[in-house]
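There are two complexes below, and they share chain A, which is joined by chain B in the first and by chain C in the second.
And now, the complex of A and B:
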């Protein structure tokens, strides 16, 4: 949704500002007919959005006020589920892990992506390099889970290589204390290519003469990045930041793959809010707590919204015209 | 399978969950099961039909055994069976399906799972009528063919009933070893009877540079069996311990003793090295390859390693020394809350328990049946003998589900990996349990 408002700020501003407040009715025939057609054209999208997104969210909000196993009758709980979340140390851990992924993972991803932008703009065969970088993003997370079991086992290829390089006691990658690191690592690895691809598309649009001018002024590679690349694709960067926020909060298949074992769920220390929701809604051999699950889902939805709004505020710049 | 709820379903679970994204609950899948009496059978036979969602996937041996029985059942009675091979996830799907009134008449799962998802909330029908039915051809009542202890150990549904499942497969958990392994036979002439002698056996193996115990370090269920049995040995009921909202039961010295005995395995260096850093089934494979002496697991493990063990292998089985009662996990049929074709489904339950039909669970699927007159596969003969005990108890005394996930797994793994000591483990469990029960109102 944010991308839609982004591509043509002038139009959205007009719509948002409310046409009634601006200009007398019937200012210009074109304007008038545009205004008349606005709802006719947007109604289908609005209806789809309402049915597929707003209604479920509303239903979830309503469910979150009840204790419900999905089968029996709902029991009114008021804000009880939210109180439970507040008191539940596991939810607090989950929230902490979510934020850690969001902030730490995000920083690492974007630092690497920026570094790659620096290199990729100037290198030969950059399209090929970009495809290679993008590739991990196409691979299903489950493949990583299975591959990691082989690659990172105590005598696996990774540790063999490390030993060969002279590390006599390489880490036990798959041990539970490294869970969060492994999850974060995989996430960064898959996401970097994805964001690099988007950012590079923006970089390609920057006219060469700006770089040439900068070079003539004696700017080095980093200065060109700082004063040309960064401001010129700032809008795209801020969209990427929002995309990262939304997607990083949702991951949970990676946690299940790395942390889950044959007979039990991942240790609670590795949970994030999405996994918390999943475990409450689809527990193994116990009663689903759909009220609590939806309450947790709404809390993480609220978290995403809050983060997105703050991020958009911080990253707002006047668009650069060229 | 790791717990009775299953090893297989994670892929499916992830696929299901991925669709749900941030987790608004979606409703059931599956086709409508309400076909009451729609299909007429041959004239002269009773006819009708019922629907059934199975915990087995179509390619599993149990599914083949059940499918063969269904074919014969339809031929004999004219009752058609609308079966769907759902896999272990059936326990996750059955609740929403019941809510949407699209559930099948009959389903099957581990008794713990049936209880957790349905029976404890009164969503499984009473099957006492089946116990009074006569099994075709064998001419014995169901209650005579299957020992009542299998039901006596089950928790009660809201109406106080225990007959919400008709078991067709039985299992227990315990310590498996290769009696033909010279290191093991040198370390013990007969199975040790108390914990200290077991530790001595471990010492003897350690002296030969052989780890005593193999363990999938990531799995709190199999590794937790040690603690579960040691609690039993020390006279503590796991369910009483877990269900104590005040957590005070954890202060019982017997609990600490069981924890300290478990800790001996960890601190003594008896567990196969690297156990904390591998994924299932790496260590089970090591054990099958003779790299460790003992492995604790459910009795399905013999079927899992069947292709890995050498031909010289000779199965030995014992409970962790000191334990007084074997635990029991059964798999069986249940009826959903609003099942419409009750009589047809019940007829099939009794039909499937026929000796010639049920034997397939032993001969083809390599598992034990609850009927004592069906011999277990050779490698499970000792296990069947253990299950012959007068009284059975449930694994973890029936504790499963949310408590396991939220209180047990993280704390026990920290303990099993040596990050906390016995006293620290007990203290952490106590406090985690108190906050858990606060969130369960």
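And now, the complex of A and C:
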């Protein structure tokens, strides 16, 4: 796409087959003014992004190499913080939880989202159903964490309903060892609506004639799904996988407030890396360990990069044209 | 709409039923939260499914008076509105330039913005805390607004670039032939056409700023500076010390939740489209 405003004149020249290597008279100043305009338009966003986003990321990488409490001088530690992290059982648990959320939570979310999408497509009033399922992802996850605290409390609604159904010894939902599973479940429930909506938007763009052609060729419902639906929305699925990676790594408030009655800090068994960063950098009782905390944050960034690269690799296919 | 081929099969009917059960459960959950916020605390644990017999606003009075939710709500509105407006105002010209000028520089720039989408917030939170403290902007609304502005850049630029690319270039060509300058073309011709995209970008940014918790907790702590998620979390933490009042806690939850319900029932389609359509491109 090209326009008169930001157009690259060299392209125009090439199209015209112009033999003049320097272009028509007057093109150079025009091109200069266009380039100036380009920078004038982009400069504010670039500056804001550089100062408030890229610079902090760089500063985090640098701080992660020091031991620092935020007040006294920094002490060089090199990669020592990363080593400390690796030896810290709490960090290992946090990393394990993060990975579990990313991989297990991701798989469950995708299977459910895909199934929901397939069912919703054939339903009446599907837009209404989609809206209701979508809504939870617009709400601060804290809300559901607190609500779960009441819903799953020992005498809470869920247990009373189960008792009424004849299950008198329900599990202790909010016990520390179940917390991570409960958080995962809540997360999957809030996220599926969002991914279902993305998949629906993608599948809606598949032209009907492909299905008709497949049907004429004698493909049954499963074959149509396998050979039309799946390949046609493969790109969107791979983007969704990356989206999930990023969003699952930065989950914070859901864990912080889950159950609503966990005291001033949630039990370490339910932490993920984001919570680890927060608790190490801004602890209630001990000295802040900013170097260690930023190192933990960097680990979560590496995790995102690693998964993004690997996912892109695995899921790359030749683009389908339609 | 695709023509109905045949009557739905039995598995499909069961699946459809299951979906409606989930939909009903979602609505029931939100309804239950809203109703419970009107009930007496001790009553809730005895009859969790009860209806407020004497609906009382006392819970809301309590969170607004003791929890500082009134001030926090005002702060949330100020921070969310200002940071989103600024984000759109700053990102729009950049996105337009990136959408129209396709060369190596703009490609690298778009790529750099897109990479920001992959950085989790916890990486920036400590550096921003330190940086804002150095600039005397810690525990202040301008500080929080700046933090949100930076966080908003990657997504807003990405979203709007996609949007501007979809606007036909013929429009500007006509304006340029009429002798309009580039700035004039952008403000008088492009922006009016792009209004829908700008509103979507604003809305999505507003929603994420409204719900944002990590930066708000780290960057603000005074009673008159905190936003709603911070007020809610400290209210819940204090409630643990003074004995839990579920009614008041749910009233606090509703103050965070209700604006999203209102916004979604009003502009739901636009929000869903903004969050889903650009994804595959």
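We adopt the following convention: the second predicted complex is superposed on the first by the 256 of 322 C-alpha atoms of A that agree within 3 Å, B and C clash if a C-alpha of one lies under 4 Å from a C-alpha of the other, contacts with A are read in each partner's own complex, and residues count from 1 in each chain.
Here, contacts are C-beta pairs under 8 Å (C-beta built on N, C-alpha and C of every residue); 3 or more make two chains touch, one makes a residue touch a chain.
All values derive from a computational prediction rather than experimental measurement.
Visitor: Determine, under the contact definition given at the top, whether A:60 touches first (chain B), second (chain C), both, or neither.
Guide: Touch partners of A:60: chain B and chain C.
Visitor: Just chain B (first), just chain C (second), both, or neither: which does A:301 touch?
Guide: both
Visitor: Where does A:269 make contact in the superposed view: on chain B (first), on chain C (second), on both, or on neither?
Guide: first
Visitor: Just chain B (first), just chain C (second), both, or neither: which does A:170 touch?
Guide: It touches nothing on chain B or chain C.
Visitor: Going by the contact rule set out at the top, does A:287 touch chain B (first), chain C (second), both, or neither?
Guide: A:287 sits against chain B, while chain C stays out of touch.
Visitor: Who does A:278 touch here: chain B (first), chain C (second), both, or neither?
Guide: both
Visitor: Is A:130 in contact with chain B, with chain C, with both, or with neither (first, second, both, neither)?
Guide: second
Visitor: Which one hits more chain A residues, chain B or chain C?
Guide: C
Visitor: Is A:115 contacted by the first partner chain B, the second partner chain C, both or neither?
Guide: In the superposition, A:115 touches chain C alone.
Visitor: Go through the superposed model and pick first if A:87 touches only chain B, second if only chain C, both, or neither.
Guide: first
Visitor: Under the contact rule defined above, give the chain A residues that sit at the interface with chain B and also at the interface with chain C.
Guide: In chain A, residues 56-57, 59-60, 63, 70, 142, 153, 155, 249-250, 252-253, 256-257, 260-261, 263-264, 274, 277-278, 281-282, 290, 293-294, 296-297, 300-301 are touched by chain B and also by chain C.
Visitor: Using the touch definition up top, name the residues of chain B that touch chain A in the complex.
Guide: Chain B residues touching chain A: 1-5, 7, 10-11, 13-14, 16-18, 20-25, 91-92, 95-96, 98-99, 110, 112-113, 115-117, 120-121, 123, 216-222, 274, 276-282, 337, 400-402, 404-406, 409-410, 413-414, 417, 419, 432, 435, 438-439, 441.
Visitor: Note which residues of chain A are touching chain C in the complex, please.
Guide: Contact set of chain A toward chain C: 1-8, 34, 37-38, 41-42, 44-46, 48-49, 51-57, 59-60, 63, 70, 115-116, 119-120, 122-123, 129-136, 138-143, 146-147, 150-151, 153, 155-157, 160, 194, 197-198, 200-202, 205, 208, 233, 235-236, 239-240, 242-243, 245-246, 249-250, 252-253, 256-257, 260-261, 263-264, 273-274, 277-278, 281-282, 290, 293-294, 296-298, 300-301, 304-305, 308.
Visitor: If you look only at chain C, which of its residues touch chain A in the complex?
Guide: Contacts found on chain C: 2, 8, 12, 15-16, 18-20, 22-23, 26-27, 29-30, 32-33, 36, 44-45, 48-49, 90-91, 93-103, 105-106, 109, 112-113, 116-131, 146-147, 149-151, 153-154, 157, 165, 169, 172-173, 176-177, 182-183, 185-186, 207, 210-211, 213-214, 217-218, 229, 232-233, 236-237, 240, 244, 246, 249-250, 253, 256-257, 260-261, 263-264, 268-269, 271-273, 275-277, 279-280.
Visitor: If you look only at chain A, which of its residues touch chain B in the complex?
Guide: Result: residues 56-57, 59-60, 63, 69-72, 80, 84, 87-90, 142, 148-149, 153-155, 172-177, 249-250, 252-253, 256-257, 259-269, 274, 277-279, 281-290, 293-294, 296-297, 300-301 of chain A touch chain B.
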